[in-house]
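Quick heads-up: structures coming right below.
Okay, so subunit A shows up in both of these, paired with subunit B first and subunit C after.
Then we have the complex of A and B:
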C-alpha cells in the first residue's frame, strides 16, 4: 500500500508523454515514467520514493510494438517480460528475461522497466549488451536511435524527461547460437525457470564470427559487458582456464548476502567455462 | 449402514471454500466506523529512545490518535513479564514497535507513521549467541531480576548476564558412561533464527463497546490465551473479553502469543473504543512479531564398540532474541528430549536461553526439536563413521524401546513411545537404503542419502484442558462446537471423523463450527503442540458418551425397552438383537412427540471435556519430570543429487515414516507431514534471519528471505506405523509438527556424505558447502 497520493497520467503518444513530463517537472511534481510499476510500488510502500506524478507509457502504441522489420526486431518498451517470452522472438532475451522474478511478476515487469530499474540485476539488459542492440529514445526534440553501448554504462544514461521507446536488434545477431546461465544462492536456475531468486551470477553469451561476447549480471552492481573481458576470453593463444582467470580480473566483484565476492568469482568462472563449452569455443 | 469415520480420507470441510476463494480470513471482515492502525518500528537493534516527535503526524487530517510506549505502563510475557507492548525508554531489536497511529484509513495511518520522528541514541548491540555470553557483554535487560515471573520455578536466570534460562538434565552416572565408552565423538553446531512465513500475516481488529465489553477479532492459535492475557494486563473481567477467530491462514507456532491484540486494544482505547484494525506488512510480520529460535550447541557422545551409546553430554544455547516469550519453554523442551529417541543411560545436558538484540522468538513447528535434533543426528552420523557402522543400523541398535527411560526418567512402554525400530525398518525399504548411500553418476554428479530420527511430545501446562459440545439438528445431523482453531491441517474434519466413528455415522453429517468464539466455544488450551486431536478428540469422545447416554434414555422410553439393549449407529437407535426395531435420531434429537401429542425430552446436547493428567514439572536439579502424555517417533530420509564441481544440489526425495498411533484421515495426515518436510527442507537449505553489523535485519522481505518455491519440491514419501497410544482417541498420536523435525539433519547427512565434509550448520547453501570444502568455517 502506497502511503501518499500521486497523480496518474496515461498519454496516447510519445510526444504527449514528454510534454507532460516537462510540465509536471516544472510544477515540482517529481514525475516518473511508469511501465509495470513493480519498482515504483515497492519503493513507495517502503517510504523510499515519493513521486508526485507518474506517466504510464503503456498506452503509447510505439511502446507496444513487437515486429520484424527490415532485418531488425523492434520490441516496445512497454511489453512485459511475459509477452516477450511468449512471442519467442529473441531466444537470448527470453532466457535472460524469463528467469527474472517469477511468472506473476513478469506479467507486470516491462522490458523498458527492467532496463531502467534501480535493481542491480536487470537481466534483460544482458541480451541487449551481447547483441549490440540499438535503443530508440523519445525526447522533447523527437526520437533518436542510438547504440546501447553509447548510453548504457551501469545504467541507462538518458536526459531528464527522455524515455525509452523501443529496443531494436539486428535479426541475424539475435539468431546466433547463445548461452545463458543463471545461478542463485540456492543453486543453478534452469530454463524454463525452476528456481526464483536474485542472481549470484547471471551470464549471457553469443559466438559471433568466431568471437565470444559475454555480459554478466550479479557480478557487479549492474549488468555489464566489458571489452577487456571479451578480449581476454578471445585470447586463444593461451589455455582456456587461464583466459577465464584473466577475464574475471576485470570485474569489480561485489559481496552481499546473496553471495560473497570469492564465491561469485568461483561461480562466474564455472559459468564462463560452461558457456565456452556450449558455444563450442575452445 | 453408511459409516464414514476414522481411517478414511474425506476432504477437509473447509476445502471447497478455500479452493474457490470464498474462504474468509480475519482481514476480509470490516465494520462500520472501522479505523486503521499502522506501527512505527525501530530502525535500531539496541538504542535509547531520546524523544518521539508526533506533531507532524497528528496534524494529518484523518489521524485520530498516536500512542507510544509512554502512553501507559505495562510489561507482558507468558513466562516472565519483560516486554512492553510498545518500546518504552529503549528499543531492544530492529523492528520493535515504537508507536502506533490510528487513522480513518490504512493509507493515512501509514502516511502519518512516516512522519513520526524518533530520536535514538544507539547502544552497543548483542548480535550473536557468542556475543551474549562473552564476559562484559552489554545487557539486553538490566533489570531482569525485577521482572514478574508468571509462575514459580519456570525460569532460572543468572542476574547480571544475558542468560535468562538454564535447564539441567542429570541422568545416570556420566563418569561411568565415559569409562564404558570406547569411541567418543563430539561436534559443534550452529542454526540461525528464521521466520514462520504464514501466508496470512498477523493481524487483528479490536473494539471496546460502550458497556466495556472488549471484542477482539484476530488471527491466532490461542484465542483463550488472548482473552486471559488481555483480562490480566488490563484488569478486565475475563468474560468481558470476547475473542473471535475465523479460519487462520497458517500459524506454525507464530500465532501462539498475544502481541498485536494488546497493541490493537490500546489503539482502540485511544479512540474511545472505536474498532481498530491492525495488519502487519510482510516486513513487520518478519521483524516486529516473534520468530523462530536460533541455536548453538555442543554434543559429545560415547559408545562401546558394539555401537551402544554409553554416555552423552549436551550444551544448548538458544537465541531467544530480545524478550523471552516462550523461548524459555522451548529451551526446557529441548533439554527434556535432548538424547533424541535413543537409549542413553548416562546423560548431562545444560540448556540455556540467552537474550540478544534480535527479534524475540516464540513457538515454531517442532517447539525447538528440529534445532537440537540436527545436533544429535549429525553427531550420530559422526559416531557411525567412527565406529565403521551403517548409520541406520546404529540408530536401530540404540532406538528407544519399552522398558527404557527418557532423559527426564519417564518410563517407556509401547503406548507412550511407539515403535521406532519399525519406522526405521520401513524407511530402510522405502528409500532403498541397501543400494548404497553414495553413488557417483558421472558428469560431476553424486547421489546420496541421509537419515535422521525424530521424537516429540508436548510441553503443555499440567492443567491444559479442552471441551466439546454436540447438539442435534432437526434433520438428525450434528453440530460440533470446539475451541480448536482451524489453522490448516484439517483439525475440524478429523474431530468430526472421531465423533462419526463413535456414533457410527457419516462424518459428512457432522457440522463443525469453523469460527472460534470464546463467548460460546468451549475452552481449548491452544491449537498447538500437535495436541489438538488428542485433547479435543478426547473431549469429543467424552461428549459423545454423554450424547449417547441421553439418546438412549429417550429412545428406551419410545421403544419401550431398557437402554442397555439399544445401540446408536447410522443416524438411528436400534435394538442390538433386532436392528429392524429402531427410531431415527432426528425423531428424538429435539424432543419426541407421542402420537397423542404428549412430548418428552427436548434438544439433546452432549458435553464433554478433557484435562491433561499425570504431568510433572521438571526438577531443577536433575530434570526429572514429565512434560507430555506420549511421544510420536519417526524416521526420515533425504536423497540429493550433488554437483561436486559447483556444490549445488537438487533434492530428489524426502521420506518420513512416523508412528501415528492411528491414522485418522490418511490424506490429511500425509499432507500435514509433507508440509512439515517441505518446511524442514526450506530451513535446512536456505532459510535464515540475517542480521547485519549493528543488529539491523538484512532480509526482512520475501525477495531476500529464501523459501522453498513450489517447483523445487522433491518426491515425498510418507508412511505410517500404527502403535496405539492407549489413551489417545482410537489410539492416535499427535503428528502435526513432526514432519519438519529430522529433515534438516537428514539433508545435512546426505550432503555431508556427498560432499565428503562435515556440514554442521544451516542453511546449507551451495556457498556454505563450497566454503566448508575449502576448509573455511561459516
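Then we have the complex of A and C:
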C-alpha cells in the first residue's frame, strides 16, 4: 500500500501536460510525470518518493506513436518495452529493452520511464546511445529535438517541467549489425529464472562504417558511452587485447552486491572481445 | 482530461462486469481487487514486481497488479483468475500436476493463459521468456511448461 495520497491526472495533449505540471508545481504539489509507474509505485510504497500529483502521459497520442517516417523510426515515450518488442521495429532496442526486468513487467515499463528512472541500469538507453538517437522533448515553450549526447550525461538532463515525448532514430543506423549482452550475478534460483536480475555488465555495440561503438550499463552507476572508449577500441594499430585493456581503463567501474570491480572488469573485457568477433571487427 | 483527486467512485470493467468502487488514487489494482471487490485470487507476495503472484490480464496482457494503480485500469478490461471459467489452462494445470501449495498458481495461470492467446504458436524460447515473470517455490517449472505446451497443442489441433 502506498501510505499517502496523490492526485492523478491523464492529460490528452503534450501542451496540457506541461501546463498542468507548471500549475501543480506552483501549488507546491511536487508533481511527477508518470509512465508505467513501476518505479513511482515501488518507491512510493517504501516512502522513498512522495509526489503530491502524478501526470500520466499514456493518454497523449504523440507518446504512443510507433512509426517509420522519412528514414527515421519514431517511438513514443509511453510505449511499453513489450509493445516495442512485439513491433520488431528496432532490433538493438528490442535486445536491450527486452532484458529489463521480466516479460510481465515489460508490459508496464515504458521507454520514457526506463530512460528517466532512478535505477542505475536503464538498459534501454544503451541502444539509444550507440545509435546516436534524437530525443523529442516537450516544454512549456514547445517541442525541441536534440541529440541524446547533448542531454544524457549519467541521466537525462532536461529542465524542470519538461518531459520526454519521443525517441527518433535514423533507420539506417537502427538496422546495422549489432551485438548485445547481459551478464547477471550467478544468483540463479531455478529454471527459468536464471536470466533475470540486475546486470553485472549489460552491453551493446554496433559497427558503423568500420568503427565500433559501445555503450555499457552495470559497469558504472549509469548507462554510458564514452568517446575515449570508442577511440581506444578503434585504435587498430595495436593488438585487440591491448585495445580492450586500454578501453576499460576509462570506466569508473563499481563494486557492489552484484559483483566486484575486478569481476566486472573481467566480464566486460570478455564481452568486448566477443563483440569484436561477432561484429567482425578486428 | 481524466483525473482522480484523492478518492472517488470509479467504474472498473472486471471479468466482464462493470463494478463501481471507491478508489484512492494511490491504491494499487491488487489492493482494490482484494480489499474492495473481494477478488482474492490475485495474491500479494513481494508487492515489488518480483514474484508474479498478483498477475492479472489487462486487455489480454499479463500485468503485475501490485505495480499498477487501480485508476490506471479504468477504461480497460481487467481479467482476474475468478474471470476464467473452466479454461483449458486451468484444467491442464491440474492434469500436469503444475502446482503444489497453489499460492503462485493463479498468477501463473493468468500469465500462461495470456500467452496462449497472444502467442498461440509460441515456441520454447517464448514460453521460457514469459515464464521468467513468475516464481514458484514448491514445484518444478517443467510441469508448468508441459501445461502450456499441452494447451498450445490442443489449440493447434482444434484449428486444423
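One rule holds in what follows: the second predicted complex is superposed on the first by the 274 of 282 C-alpha atoms of A that agree within 3 Å, B and C clash if a C-alpha of one lies under 4 Å from a C-alpha of the other, contacts with A are read in each partner's own complex, and residues count from 1 in each chain.
By definition in this document, contacts are C-beta pairs under 8 Å (C-beta built on N, C-alpha and C of every residue); 3 or more make two chains touch, one makes a residue touch a chain.
Remember, it's a predicted structure, so these values are computed and weren't measured experimentally.
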Quiz item: If you count the residues of subunit A that each partner touches, which comes out higher, subunit B or subunit C?
Solution: C
Quiz item: Regarding the shared-chain residue A:183, is it in contact with subunit B (first), subunit C (second), both, or neither?
Solution: first
Practice problem: For A:7, select first, second, both or neither according to whether it touches subunit B, subunit C, the two together, or no partner. | Solution: second
Quiz item: With the two structures laid over each other on chain A, which partner does A:108 touch: subunit B (first), subunit C (second), both, or neither?
Solution: second
Quiz item: Looking at the overlay, what does A:196 touch: subunit B (first), subunit C (second), both, or neither?
Solution: both
Exercise. Could you tell me if A:41 is touching subunit B, subunit C, both of them or neither one (first, second, both, neither)?
Key: second
Practice problem: Classify the contacts of A:257 with the two partner chains as first (subunit B alone), second (subunit C alone), both, or neither. | Solution: first
Quiz item: Of the two partner chains, subunit B (first) and subunit C (second), which one does A:52 touch, if any: first, second, both, or neither?
Solution: neither
Quiz item: When the two structures are overlaid on chain A, which partner does A:266 contact: first (subunit B), second (subunit C), both, or neither?
Solution: first
Quiz prompt | Residues of subunit A contacting subunit B in one complex and subunit C in the other | solution = 1-2, 4, 45, 102, 193, 195-196
Quiz item: Which bits of subunit A are touching subunit B when the two form their complex?
Solution: 1-4, 45-47, 102, 183, 185-188, 193-198, 200, 257-260, 263, 266-267, 270
Quiz prompt | subunit A-touching residues of subunit C, taken from the complex the two chains share | solution = 1-7, 24-28, 31, 47-49, 52, 55, 58, 61-64, 66-69, 71-72, 111, 128-135, 140-142
Quiz prompt | subunit A-touching residues of subunit B, taken from the complex the two chains share | solution = 106-107, 110-111, 113-114, 281, 283, 645-646, 648-650, 685-686, 690, 698-699, 703-704, 706, 709, 711-712, 765-767, 770-771
Self-check item: Complex contacts: residues of subunit A adjacent to subunit C
Solution: 1-2, 4-12, 16, 20, 36-38, 41-42, 44-45, 54, 56, 58-59, 82, 101-105, 107-108, 189-193, 195-196
